[in-house]
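After this come two complexes, each holding subunit A, first together with subunit B and then together with subunit C.
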Partner chain A sequence: MAHVKIEGLNKFYGSKHVVKDVNLEVAQGEFLTLLGPSGCGKSTTLRMVAGFETIDAGKVYLHGKDISGVPANRRGIGMVFQSYALFPNMSALDNVAFGLRMQKAAAGTIREKSVKMLAEVGLEQVMEQFPYQLSGGQQQRVALARALVREPEVLLLDEPLSALDAKIRIQLRELIKDIQQRHKITTIYVTHDQEEALSISDRIAVMDKGKVVQLGAPDEIYARPANRFVATFVGTLNQLTGQIVDGARGVLDVAGQKLTVPTLAGKSGQVAVGVRPEKIRVLLNGAAAEAGEVALQGTLKSAALLGTIVRVTAEVGGAEVKVDVLNNSRLPGLTPGAQLSLGISQENLMVLE
Partner chain B sequence: MITGKWRRRLAKLGLYLPLTMAAIAVLFPLVFAVGTSLTSPADQGTYPPKLMSWPPYFKSYPEALTIAPIGRFIWNSFIISTAVTLGQLVTASLAAFAFSFLQFRGRNLVFYIFLSTMMIPAEATLVPNYLTVRALAWTDNYLGFTVPFLATAFGTFLLRQFFLQLPRELYDAARIDGASPFRFYWQVVLPLSRPALATLGVYSFLHTYNMYLWPLLITNSEKMRTVQIGIRMLMWDEALDWNRVMAGVAMVILPSILLLIFGQKQLIRGLTAGALKG
Partner chain C sequence: MNKRPSASGATIILILINLYLGVPILATFLFSIAGRWDSTVLPESYTFHWYVQMITDPGVLAAIGRSFLVSGATVVLGLLVVTPAAFITYQFLPALKGTMRFLALLPYALPGVILAVGLIQLYSSGPLPIAGTFWILLFSYIIVTLPFMYNAITNSLQAIDAKTLMEAAESLGANRMAAFVQVVVPNIRPGLISAGLLTFAVSLGEFVLANMLVGGRFQTLQLVLEKAMHIDGHLSSAMVMLYFVLVAFSSLMLIAVAQGGGQRGSRAAGRAQAGSQMTGYAQ
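Right after this comes the complex of A and B.
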């Protein structure tokens, strides 16, 4: 049985249908991420699970029990907010202890558990400090400790890292994942950052316009996106649009260059195919495409060093194609305007519907 | 040629000169009142007029206290103002909390109806309030002074605007941690709203302390009179001795001035909260 089950969830704001028939199941101890652009309904879905928003249609089950009408404070859920939502008039310790006090736990237990939880997030040194005396990263750690100290059945995180700078974001997401696995707590995480979602989740539900458009493991979402929206939203994608000139073999004409894409066999008309930048090879020194590869000729526009990779941008038939090449210094000097030959394995070409 | 140093000095002069003139204009009545209270009867009416006698004539104060029981009036006013202030802080903060954090049908409509009562002139409610208080036998009684003023639309509006600045997520965080709305109000909203509460407190205290018409209307006995009526009593004496009147005024305004001195920081913070987005 799913630990958390979301069944046919719908939400309207006036005449605006913001969450449309969302169905999800989250297993015990699983880390599920709701990923999507701003306004796609992911936070509203999370807030309905938390009990902050009324549900217009549908149900939320916890351990098979319908909790749709249960107030937020009786759902056994912990939540971390984007703005930390720490009580400014209380110290870090008092913020963490707040939930236990509401549970009327014994004073000794409250202190013991709160201190332990703060130590777990690495903040035992600053527990007497007030939120305004802490950095953004420290505040979010306190918020995480506060959400976990009551040992909730489910942890909800609503864009917890989006207000932090890049380095702290990476540190904190590792901490979140580590603590989640240590506590084996069922987690629903909301973000618009696809890199964050791919790195942290057991499964990802990609949302668009209030609907879940794809649900799957991160590698599945990345490698086999269900549609053009998922393909373009998750990761970087090159799109090549052309006319099918041989429907039997699936030959596509992209600005005069012929690409054989077996998955296009039987189709006709204008179609678009996509390929990830790291799935394209720069064919050096006149090397030919290998078996199962298609070759494209292009003109180099730029080559940017991004640390471990070099992002090569080429123009192919009026379209821009990005190629990520490992920065192992085996590439010859790339000068804009140079002719390039690009090799793409046929299996890496995705048909975009 | 005006150098930068002189330009700064002139700019300061341009700022401080009107401020000093405004301060003199505001403080003059106060200085005049205290000065007159320290003027002997012989020095009154002399030409050119004296701001005060030298040595100061302190007898005006005990004389004023024998003409009217100013001490009793100050006590009455203090009790009434404190009760009204506390009452308004409780009712206005609870109402403001409901209007800013609780979700219920018709919330905005009720709030606007509440707000519209501010447009009714106080004089228009005087007679109905008097009839009600009289029917309840609350005339000449502290209840009659306080109960009609325990709720305030202005205070509710002031506090609601302040509460709306508190992040909604604080409420959500408290709720998911198991706090009831009242617990959130008590442990989070009130401590965070001290400037606004102090503003309302000072305003409410001074407003009640300075009331004249209502206390005059509902009091019959001298022991229930308040300060503003007490001053008037000094002026009903057969001979109008301004030094005694002003001695009464000086005694009466002392609590207000002390309140302003100690509350001005919070008062300014509360009144300007939300005026600038930083």
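Right after this comes the complex of A and C.
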């Protein structure tokens, strides 16, 4: 049985339909991420699970029990907020202890558990500090400890890292994943950052305009996006638009260059295909495309060093094509204006619709 | 390069402001201890006569007691009524926010005289005949000070993002009452203190309503002061000085009491919303 089951969830603000028929099941111990652009209804969905928004239609089940009408404080669900929401008048320790005090646990137990939890997030040194004395990353770790110390059934996190800077964001995301796995806690995580979602989740539900448009494991979402929205929102995508000139074999004419894409067979008219930057090869020294590859001729516009990779931008028939190559591959003279041959394996060309 | 105001410029401005605020008080004080003061720059002689006369007048002491009673009651009752009202509006009835702001501003728009006339008419008979009593003065003060109370509290709630703090507390198992009492109230304490102080000072200095609503039946310090002004300038100066000391002293007391009653973190809470307080009254 699913640990958390969301069934036909709907939310209206006035006449605005912001969550449309969302159905999701989260297994015990699973890490599910709601991913989508700003305003797509991620937070609203999460807040209905938490009990902070009324549900206009649909149900939320926990262990098969309908909790749609249960007040937030009796759902046994922990929550971490983007703004940390620590209690400013309490020390880190008292913040963590608050939930245990509400459970009327014994004073000794409260202290022991709170200290242990703070140590687990690496904050035993600053237990007595107040929130305003802590950095953003430390504050969010206190908030995480505060939510987890009660051993909630489910942990909800609403963009917990978006107020932090890049380095801390990655550190903390690893900490969250680590603790989540150690405690085997069922987690629903909200983010608009696709990289974060890909790196941390067991499964991702991509949302667009209030709907879940694709549900799947990160590699699945990345490699086989369900539609053009998912393909462009998750990861970087090059789009090549052209005219089908041979419907039987699936030959696409992109600005005069003919690409044979078997998956286009049977289509006609204008079509777009997409390809990820890392799935494109730069063909060196006049090397030809291999079997199963299509070749593209372009002009080099720029090459930017991003650290591990070099992002090469080429112009192909008026469109920009981004190519990621490892920094260790020996690319000869990448001078703007140079002619560039690109090879793309046919299976890596996604038909966009 | 932009020229920043120099330190000495700032000092001069500060001195001027302090002179502007301080000279009238100093002059009043001087007048209150002056004996003869007709044709000289400074008084020719000094005396504590007026202070002695004031202190030994039982009417004055009783008036001080009444003023403190009604002002203190206004603060306590106002906080007890307005804090939950402001919180409930902020948290659960955001649609009513505009209406409440408007209602809270209404006392500003009504001159005291009009308010007094209306109140007397309404409460001189009927189910609640409290005209001319302490109670009508108390209730009217709560209304008059509503703008300070309501705005200060609402601004504090916004400054600490009480909505999210409530949610955090609820997700940790607190019911709404516990969340309000243990999380929201301690964190808006600075707002409550400043609301209380303003209310206290305004009530203590109020004349029009006291004069028209209760007059001689409940003589407050302001009424006695006004009477003294017609009798002798020195005496009334002495009373103004006393009034000034009392306000300063009771404000300090109120701050000390309110902060002393807080937990260790009230300083932290104050810091979290420092600066958000004073902006509120302008709107």
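The criterion applied here is as follows: the second predicted complex is superposed on the first by the 352 of 353 C-alpha atoms of A that agree within 3 Å, B and C clash if a C-alpha of one lies under 4 Å from a C-alpha of the other, contacts with A are read in each partner's own complex, and residues count from 1 in each chain.
Heads up, the rule we're going with is that a contact is a pair of C-beta atoms (placed from the backbone, for glycine too) under 8 Å apart; a residue touches a chain by one contact, two chains touch by 3 or more.
Fair warning: this is a prediction, and the values are worked out from it, not measured in the lab.
If you put the two complexes together on subunit A, you find that subunit B and subunit C bump into each other. When both complexes are overlaid on chain A, the residue A:Phe81 reaches subunit B and subunit C alike. By the touch criterion defined above, A:Met102 lies against subunit B and subunit C together after alignment on the C-alpha atoms of chain A. Looking at the shared chain after the overlay, A:Arg150 reaches both subunit B and subunit C.
Of the two partner chains placed by superposition, A:Phe12 touches none, neither subunit B nor subunit C.
Contacts of A:Ser91 after superposition on the shared chain: subunit C is touched, whereas subunit B is not.
Legend: residue contacts after superposition of the two complexes on their common chain; A:Ala50 is shown touching both subunit B and subunit C. By the touch criterion stated above, A:Asn73 is placed in contact with subunit B and with subunit C alike. Of the two partner chains placed by the overlay, only subunit C lies in contact with A:Tyr132; subunit B stays clear of it.
Overlap of the subunit B and subunit C interfaces on subunit A: residues 50-52, 71-74, 77-79, 81, 83, 85-89, 98-99, 102-103, 143, 146, 150.
Subunit B contributes residues 167, 169-170, 172-180, 183, 187-188, 191-192 to its touches with subunit A in the complex.
Put simply, subunit C touches subunit A in their complex at residues 160-161, 164-165, 167-176, 178-179, 182-183, 186-187, 262-266, 268-269, 271-272.
Only residues 50-52, 71-74, 77-79, 81, 83, 85-91, 94, 98-99, 102-103, 130-132, 143, 146-147, 150 of subunit A touch subunit C when the two sit together in their complex.
Those residues of subunit A that touch subunit B in the shared complex are 50-52, 71-75, 77-79, 81-83, 85-89, 98-99, 102-103, 143, 146, 150.
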